[in-house]
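Chain lettering (A, B, C and D) follows the sequence in which the chains are written, and residue indices restart at 1 in each chain.
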């Protein structure tokens, strides 16, 4: 028998939202969800307009998230999960409301704007046992998963170095836009700019692929554009648990790479390199041998590196994002049967990855404010 | 007011089908369609199983396409369009049946296995005035459309050369699989192998980007793998209307490129190059200047090169395929209002492109069989 | 004991010559030669000025090549070899004069402007038993030699396809320059333009790497720039002895690649790809496996792929050219001892490669003039 | 009138030396030098054998550098300059001896193993007014010079970021070889390993291209291979005079890049990127526009980016090295006429660059030993 589609709700993501549309498209791709409810904007009329355009039944378009959490929590056919795609500062209250209403959450990153909120959410997730996913998108790319599997399988031997970088260019000048404004406003974005916005992705990717945790870091956060309050460039040295070393660079003032996330992992027996703008390749260099260009869909990859189309047909960002939703569907279905969800979801970033991301941001900020000192990441 | 989703039917694409799943995913991506009917397999039980898994109502899962065309044609809420995703030899009869039932068609390529069938379908489309789309996927890539717009806008000046190639590797050895078997069987695939399967894509891309028609060609088709009946390699010289020259290479015995479609167009004032495996880039070389790497989402592109995500976030094959479906939705909606569809759909390959593709195959075959003589493409 | 440097003479290559300077630099690189004599220009004053600037003793700077051949032939310390770096139309008479004077030759390509001249030179070389080298430069690149060795060693299995291309852009417009003028003048260049100038390089590379001879070809030569007499674009289909197929494209009106020579060889068990603008790499794809990026200086390469510097330190065109000179030095020294030189020099293109190059040009021209018919290469 | 070739002497570089052969080849390339004297090894017999093989007259092959400096200093036809290509620990005494003998020096990097020695050499150079060149090879690449000229010309606007890295792989395992042994021995190499060996190149390149000096740095030096005394990996944060920030990574345990030096410079109006393994390209991204791939030999480059061959014909490491020698020849000839040499030689790294390199090494070492603190570079 065929399983029914999961009922999806959404908070945020109304007209003009970039990331809300991405979440919906990702949810649709593998046909595991249907969007049936939402509070799409803090402006009720806008929420209504958005919901209608999305074919959401009028009685499940809500004026605010509190009403939505309460109403959905009370329905027999309530949503199976809610996607939270608002600016960072509201993640905590929204996620809390839905968890308390007994509804699992798929939340954008960074999880919260304070470490206390992050830890409180973690407690709530642990208490409720509900599914909770944080959309570190890049964990959804098949070749990132292949890299993770190769490292875990010992292909590189003991890991020595992890070099990760995430240059963007879109804040090279003073810009005004829906996307830029809230990210550059500490009230909405939290205490950092590019560190929280994209540094967290780089940090997550470094750990996800290497299987290692960053123990301490030393950071310098800078604001290159005059008048900017939050950092738009961050350089860091990393020390991983077990002795590996690394470097992390995140920048939003680096013309040349619109979205240049890339990671390199070096071990005793070889290295792996992955570049987000060519995501269907993974470069593997066995020590002393030629670099091998592994590619999506080729024979011999790990089962975790599944492709939707045959080799040579590129996948992209939306497919990676969809993978998180598809993995989440499995978790949600398993929870519905067993009544329990894992806090660590293996391939899928969960609450622990979320808390670690916030702890990373705070450590980087403290290190930089202290003039560059080694600082522990405290989850 | 929000337009309703279009009702989509499908013929073929049951369990284990690659291209059926791609069509459905493409239809879903931009949320313009819902799949409501289908004859998914010539085996009725398999059709039923497939339809159920796809959430298709039981009463609209059909045992065969004739029944489906008749039944759907008679419904008030009949499907708006049918996707035909069967092997080549059945395209003609299936498309004809639906057109006669008053239902528009989205058909896989090549259109038919004989030029007579192709022309007959063209007549039927002209008579009925129904929407008809042929899924030359690569016409859906935004940077291919940008290239087409640049050429049309005169950026390269008069076109002199078009070099196009499509190497694949998957038939380098004698292989057996659902995908390989019908493609290598003249009864299902038609009179050519790789020429019809991928040479048509290369031919379409060359014309689509350059805005030029191939007038005559000279071809050598070869079968490299012992025992193979149909061609697995094809080399061609091309003469375009207006005097441009070109070359076309298609191969399924070329290890190194799982799906290496690429096109280069050279004019008096510069060139463009596009590679399917890095589809979000377009290389533009103004004569005498540095090559410029245009990329999806950058400022200044033509409106036809729209992106679903911001610059630097890669799109891929499924998004390109989805673009054809989304364009088709616009055509279908316009037809519903006006009662008329265009046979040439500008950005979207239609019946004329389909006939041209079959004429290309036949010209290549005749040229090769004659030992390599210049042969006209006769639509 | 250390061998003395070989005494080198030169005909052509005076002030303003590009290729003469390249030959001299190549001769100097591995310190096997010293330039001691020359007729550097048909203008005696210019020859004298050029010779003086090159530190050539005044009594060995000659006003013309006939005088030089006679005078050098009569000296006890005569030159060991002469480099002929004049336009194509004079190769035959100059080479003949030196061979008759008992002096071996290093001649630029194409060997001659008629097949009769080429065959006559071959006879002369056979009669005299003197060393004779034709500078098909690209045969000097280590990774080209590695490719040749891999094919010869059976790494690819039986060869099925050879795709070779050589696009340049510098004749995209009507241009006037020392380099362009003689190449576009049939009186100096011979009966073809880009076919003889660079098509010969592509043809040689295809054969050199694959170890196969082109048996017949079918060509279309075109002149894209109005008013141009000779071809500036050539497309060809190739049939190799033994059944392999291929395509060759040469163009001097292709903006985007200043010097885009590249070759791909496909066999039953894999492929190799080499690109002149990234010459220190060689892409090897074993069938069904990841592409391996072999690189100059890596462990495990064939001895014929020797590097002057450690891995990762790029070599280029001049080193490739130097390799031909260094190989020639070995041939010349061996001849001095044994009194005999081989007409086929294995890694080093000799008189037979030269004749084949001219035969290739003539076959392409005949095929094109006949409207595109399969034409044998007749050496 | 043609200038005579300069008389070159060499200390070190005997049989089996890598860098000595490179220096000689570089000196030969543009035909500005002839090697006439040398003390090629500390073993007199080996020195004699090496000199003979290099065609050096027997009476100018010396058993040790002191004798050579004294004897050459006393000759009327004495060497114009000496190349010092010994391990680091002997640079100081050898350079001093030749400067005191009135002979200019071309010295390998790093200049010395202590900052005191470096400063003492600087004083001696200032006192004697003799030419002194330090072979930071990468400053010889034309596209590096183009980058420097573009930055100096304001193409990027004010510089914000400089990211430089130099991964190598050859010390990933415990290795024994002539090259490895002295580099890993503090007695010969100085107090650092990869920091002094290649970090200095990266530091020089960062400053050379950006036109900025590193004011302070924060470093972590690590030894990844068990039992290794000196660092084989170094990560650094950089603060440049004027406020720019940067990062530097040098590693000899990073499989995948045999010699992966690369630099990226970001300014308010765009960026430049250069990669040593593709040295004939320079990527220029004007803010908000497509990346432009500048290439050696293209029209419109600065005169400092001169090419020996036409566009599309690659140059490499040896040509870059040769450029330093050719520039040095101009300095030496100018000094011979004017009796004075500049301590800063603009495009050519001189004594000041040498001292800065040693100061960089010492700052990195002190910063790392202090556990990672911001440390000034004190020249």
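Here is the rule we go by: contacts are C-beta pairs under 8 Å (C-beta built on N, C-alpha and C of every residue); 3 or more make two chains touch, one makes a residue touch a chain.
Fair warning: this is a prediction, and the values are worked out from it, not measured in the lab.
Visitor: Looking at chain pairs A-D and B-D, which one is connected by more C-beta pairs in contact?
Guide: Of A-D and B-D, more C-beta pairs in contact link A-D.
Visitor: Considering only mean CA positions as chain centres, point out the chain farthest from chain D.
Guide: B
Visitor: Starting from the mean Cα coordinates of chain C and chain D, work out the distance between those two points in Å.
Guide: Distance between chain centres: 35 Å.
Visitor: From the C-alpha centre of chain A to that of chain D, how far is it in Å?
Guide: The answer is 44 Å.
Visitor: Cα centroid separation between chain B and chain D, in whole Å?
Guide: That gives a centre separation of 56 Å.
Visitor: Multi-chain contacts only, two chains or more: what residues does chain A have there?
Guide: 288, 291, 295, 298
Visitor: In their complex, what parts of chain B are in touch with chain D?
Guide: Touch residues, chain B against chain D: 284, 288-295, 298-300.
Visitor: Please output the residues of chain A touching chain B within their complex, sorted ascending.
Guide: Residues in contact with chain B: 2, 5, 18, 21-22, 24-25, 28-31, 52-55, 168, 170, 257-260, 276-280, 295, 297-298, 308-319.
Visitor: Residues of chain A touching chain D in their complex?
Guide: Where chain A meets chain D, its residues are 160-161, 163, 165, 169, 172-173, 218, 220, 222, 224, 233, 235, 237, 245-247, 249, 251, 253-256, 264, 266, 268, 270-271, 273, 283, 285-288, 291, 371-374.
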